[in-house]
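Each of the two complexes below includes subunit A, the first together with subunit B, the second together with subunit C.
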Partner chain A sequence: MTIAAVQSKPAPAILPGSGGMRGAFSDLFWRRPQLLLLLMLLPPVLWLGIVYIGSLFALLLQSFFSIDEFSGLINREFTLKTYGDLFQAANLDIILRTVTMAALVTLAAAVVAFPIAYYAARYARGRWKALFYLGVMLPLWSSYLVKIYAWKLILAKEGILTWLLAKLNLLWLLDGWLSLPIVGGNSLSVSFTGTFIVFVYVWLPFMILPVQAALERVPGNLVEASSDLGASPGQTFRNVLFPLALPGIVAGSIFTFSLTLGDYIIPQIIGTSRLFIGQAVYSQQGTAGNIPLAAAFTVVPIVIMGFYLWGAKRMGAFDAL
Partner chain B sequence: MRSDRGQSAPLRLKIAAACGLLFLHLPILLIFVYAFTTEEKSFVWPPPGLTTQWFAVTWNRPDVWEALSLSIRVAAISTAIALVLGTLCAAAVSQTRFFGRETISLLVILPIALPGIITGIALRSAFALADIPFSFWTIVLGHATFCVVVVYNNAVARFRRTSGSMIEASMDLGADGFQTFRHVVLPNIATALLAGGMLAFALSFDEVIVTTFTAGQQQTVPIWMLEELIRPRQRPVTNVVAMVVVLVTLLPILLAYYLTRDGDQIAGSGK
Partner chain C sequence: MTSAVSFKQVSRHFGSVRAVDAVDLEIAPGEFFAMLGPSGSGKTTCLRLIAGFEQPTAGSISIFGERAEGVPPYRRNVNTVFQDYALFPHLNVLDNVAYGLMVKGVGKAERLKAAEEALSLVRLPGYGARRPGQLSGGQRQRVALARALVNQPKVLLLDEPLGALDLKLRENMQEELKSLQKVLGITFVFVTHDQGEALSMADRVAVFNDGRIMQIGTPEDIYQRPKTRFVADFVGSSNVLPPDFVQRYSGQHRWGSLRPESIRVSSAASGDGVAARLVGTNYLGATTRLALDADGLRLHAMVPAGTALPAEGEAVMLTFNRESLHLMDEPA
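On to the complex of A and B.
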């Protein structure tokens, strides 16, 4: 090829243009980025919109139907009667029990999570930091049912906890606790105490992560300044650390609270025969065939979480997520 | 250098943190011991003897294999769907600004933010209204919906760290859109997608609450376990399956961690 020939042609691109259909589409997307954006968004939005939002609306719609008490058939006319049924004493009891449990679980998870999160955020460095991270992440991602099963093994009457307490000569303590009303029972695996422990265990990692994220942002010299100014460790915790960690705790509590409100498997496997919201939903839609009431029951956690999220947002919890 | 480096923690804090971590890990370790116990009828501790015979018994149980095969097929298909949808969504949200962008990210996160029982019963009542019979695909439909979010989270984090000027440079050098995607974008996000895919697989493999509403009579591994927990048939077999499940979910999580650990945003945070 002569120099003249090269000069007469336009400079070639590094990669040859592909031309044809592909090239045409490529050019089109470059000139009309909106079109590309639309094409990218369409599949996920259609999927989530139809499958998920569509199903949620179907559920919401059914909560306004009612069930005919004699025939057991669903009456497809708009009514608020099903929501009225929620306020029967038995159903209010279920809601109150679930909310109390969720609140207690959240508190306990915060107390147990704080030292782990604080140590990981302030003292763990390098290899230890990675170890702490995996130490929280592995239980978080371990199988949910296996974790519950492990606690069934631990809390069983013949299980490891009874054995351990017997070795320590502390069996009287367990028996005393189990003879208490409400929290007690035949064994820990059929008591509210058992349900409570398993809830705390299963949701604990969800609390540790956001609290740790919030504590990472507290500069260490703030704590030092506080003790230089004469505060005791307790005062430093109350007046400096705790307020700064609070958004993280609230962020974690969103998970622990919401997950406890909706769970139906833990109280079914480890707990008493008294129902939680999740179990009520499950039995209403399954054996009782009362889908409208089940649908109305699911609206309760949605509404509670709505208020909760609104409050959390005002406390700045979303920045800590 | 920050002044708080060399300090060591107060003893009380050390003990509290160590106890917390033990509380998180001991129950899972216990599963490994129980898989070898000779006791068949109860959960007695300490195990009266150790044996490996239950591994052979479990190996020869067709129902366990069927559940495992169904779980793996569901997880594989759901992960594939979630990879496509999650990547598309992440690319759109992170590369451009448009009206309703916040709504899209909320839409993706919602299936995992609301309690599983709501997703489950919503899907079931929708299937009932539309007269769709339960099948393999009804399970996949539910799983893919909540798996999108883990792929999305990982891909968004990676897109944020990938500079947009690389794409422009590729175009300037004459690559068309498809070539740019194939040679520039994809290699950059590949490990994030792999990590997201692993997590989506683990999430789907372990999911039980939504599945109970969308499976009908079919049994995935978690449904099989739930059945055994409520109406125990052969406890030692359950012990062995529990141990295998722990191992099967452990590997993808560790892999996902090593694939994304250099980044500021790491894979698993926030299930």
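On to the complex of A and C.
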């Protein structure tokens, strides 16, 4: 009855167009959805294609030029001389150091992130879940530099960590660790251990979030089914949880690995005077003015990440996506 | 003889919710036992208590005479067919079936052979290389069954395993499960909310409501001789008759139940019986279900399709045999 009251006159079976440009465009886009897609994708594709891929290509091109050692000018002739320089022992050291650090940081981030992500995916509900997201994301909202300088204070010889360990009578542990070769140093803030700790801290959210998303997609009854079939919790982890979380771990490791490969600020502020790839790029293109070598250095993480993704794909890490 | 599964005053409370409340239960070895009840009645929680996914708040559970409280699921020789099958998506069908043997450390060749045999048992030979995602619902159900049976469990638990299948497939699987159970001789405990399924498959049925068992008995007991109004109503939607009505026909002031198929319907003209009015007809294929109103009492009758029926709204006379009026234990 109310419907009849609203419809004072009989409605037509086909409604008239809304008229004007907007109506015409709506109808056109409805009939040709590809046109709308094209219009939406064109600006980002142009941006990525010209600005991003273009500059990457220019970079790649630079790495095949060389520098004239006397005049310091760039010689724009194709040569592999710069790559020859790149494979000098000192530069290989830098590459090896950076890749080792990136691998260790990735491994540690995965180990630390997994239980946190597991808790968030399996047990946290409502308020606790919101708190989890807040806790993970909050560090991402504050300035990167502030966090790093905060860590410098924490790790310094006069810092809170040393103070705490002294109170706990565990200073011998720290001193023992710092006296070790390579990982040690005068204090944590000037050792590779310090660099490692800060890298793990800064990139951890990038590991937690994808792992949590992957675990969230694992139905809870798979864990029960595994247990029901006689698997101990350890076996369930190895045979069910870990393989199903692997795409998330790989996704997270792409972030932690590549971000560590390219970073030049953390090792600058916390760590030894020995260089990482990012620092080498920074100094080569800045003070040294050797743009071709800087470009060649930049190609290294790109190639490593290429191999990394290829290996991850072969391992089947993307199968479950 | 020791029971396959024995519950003594078992309760499982979630906060203030009594999911299972002081349940006593004995399931005999080799029995096909059904737990029937509406959702939230505690039947699935009982199953999970047997599997070990839940621990009782009070009471004791034993499986083949051995105490099961505090024993984790992976140390119970009991396997479950899950409602949505819970197949491992990252493993192929053969590895899914061989999973239980794999975690027990059975060698690869041996466990794959056993898995292949189990797949033949559920009539899926040669499906081993496929992924669970490539199978239909019915096939997944069979894989889940093979995955449980390959471990030769002492008790097989089935949690509404046929719920997601369409009618035809469900009827086939009912027969298959029944014959499989006969061949293997394993104790089956089957949870369902479908009374037809429970009656047709089980040796004995426990009817659950509000965390308690209302009645345990053979399908015939449950169907013909319900003890309470709930059982009469839930199993086969019987007509529940109030004590005053029952007293007129049996002389006893007790709740009664009368199966819809026991009621005969004729035109109002003919003699004695219960005067009623036909308020609706529901064509069900083989039978027609009639909704009747006997002076305010709502009744249902089931008559063979093709029976000549009065028009809706007309007066009719209902008759039934005195023997088919069942008196229930529930106090008036």
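By our rule, the second predicted complex is superposed on the first by the 259 of 321 C-alpha atoms of A that agree within 3 Å, B and C clash if a C-alpha of one lies under 4 Å from a C-alpha of the other, contacts with A are read in each partner's own complex, and residues count from 1 in each chain.
Following the convention adopted for this analysis, contacts are C-beta pairs under 8 Å (C-beta built on N, C-alpha and C of every residue); 3 or more make two chains touch, one makes a residue touch a chain.
Here the structure is a predicted model, which is why all the values come from computation and not from measurement.
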Partner chain in contact with A:49 - subunit B first, subunit C second, else both or neither: first
Partner chain(s) touched by A:280 [first = subunit B, second = subunit C, both, neither]: neither
Partner chain in contact with A:101 - subunit B first, subunit C second, else both or neither: neither
Contacts of A:221 with subunit B and subunit C, given as first, second, both or neither: both
Of subunit B and subunit C, the chain that contacts the larger number of subunit A residues: B
Partner chain(s) touched by A:230 [first = subunit B, second = subunit C, both, neither]: second
Touching partner for A:240 - first (subunit B), second (subunit C), both, neither: second
Subunit B and subunit C contact sites that coincide on subunit A, given as residue numbers: 219, 221, 224
Complex interface listing, subunit C residues touching subunit A: 51-53, 72-74, 78-80, 82, 84, 86-90, 99-100, 102-104, 147-148, 151
Residue ranges of subunit A touching subunit B (in the complex, touch as defined): 13-18, 22-23, 25-27, 29-30, 33, 36-37, 40-41, 43-45, 47-49, 51-56, 58-59, 62, 112-113, 115-116, 118-120, 122-123, 125, 130, 132-154, 156, 158-160, 162-163, 201, 204-206, 209, 219-221, 223-224, 233, 258-259, 261-265, 268-269, 278, 281-282, 285, 291, 294-295, 298, 301-302, 305, 321
Touch list for subunit B against partner subunit A, complex: 2-5, 7-10, 13-14, 16-17, 20-21, 23-25, 27-28, 30-31, 34, 42-46, 81, 84-86, 88-89, 91-92, 96, 98, 104, 107-108, 110-111, 113-119, 121-126, 128-129, 141, 144-145, 148, 171, 173-179, 199, 202, 206, 208-209, 212, 222, 225-226, 229-230, 238, 242, 245-246, 249-250, 253-254, 257, 261, 266, 268-271
Subunit C-touching residues of subunit A, taken from the complex the two chains share: 219, 221-222, 224-232, 235, 239-240, 243-244, 319-320
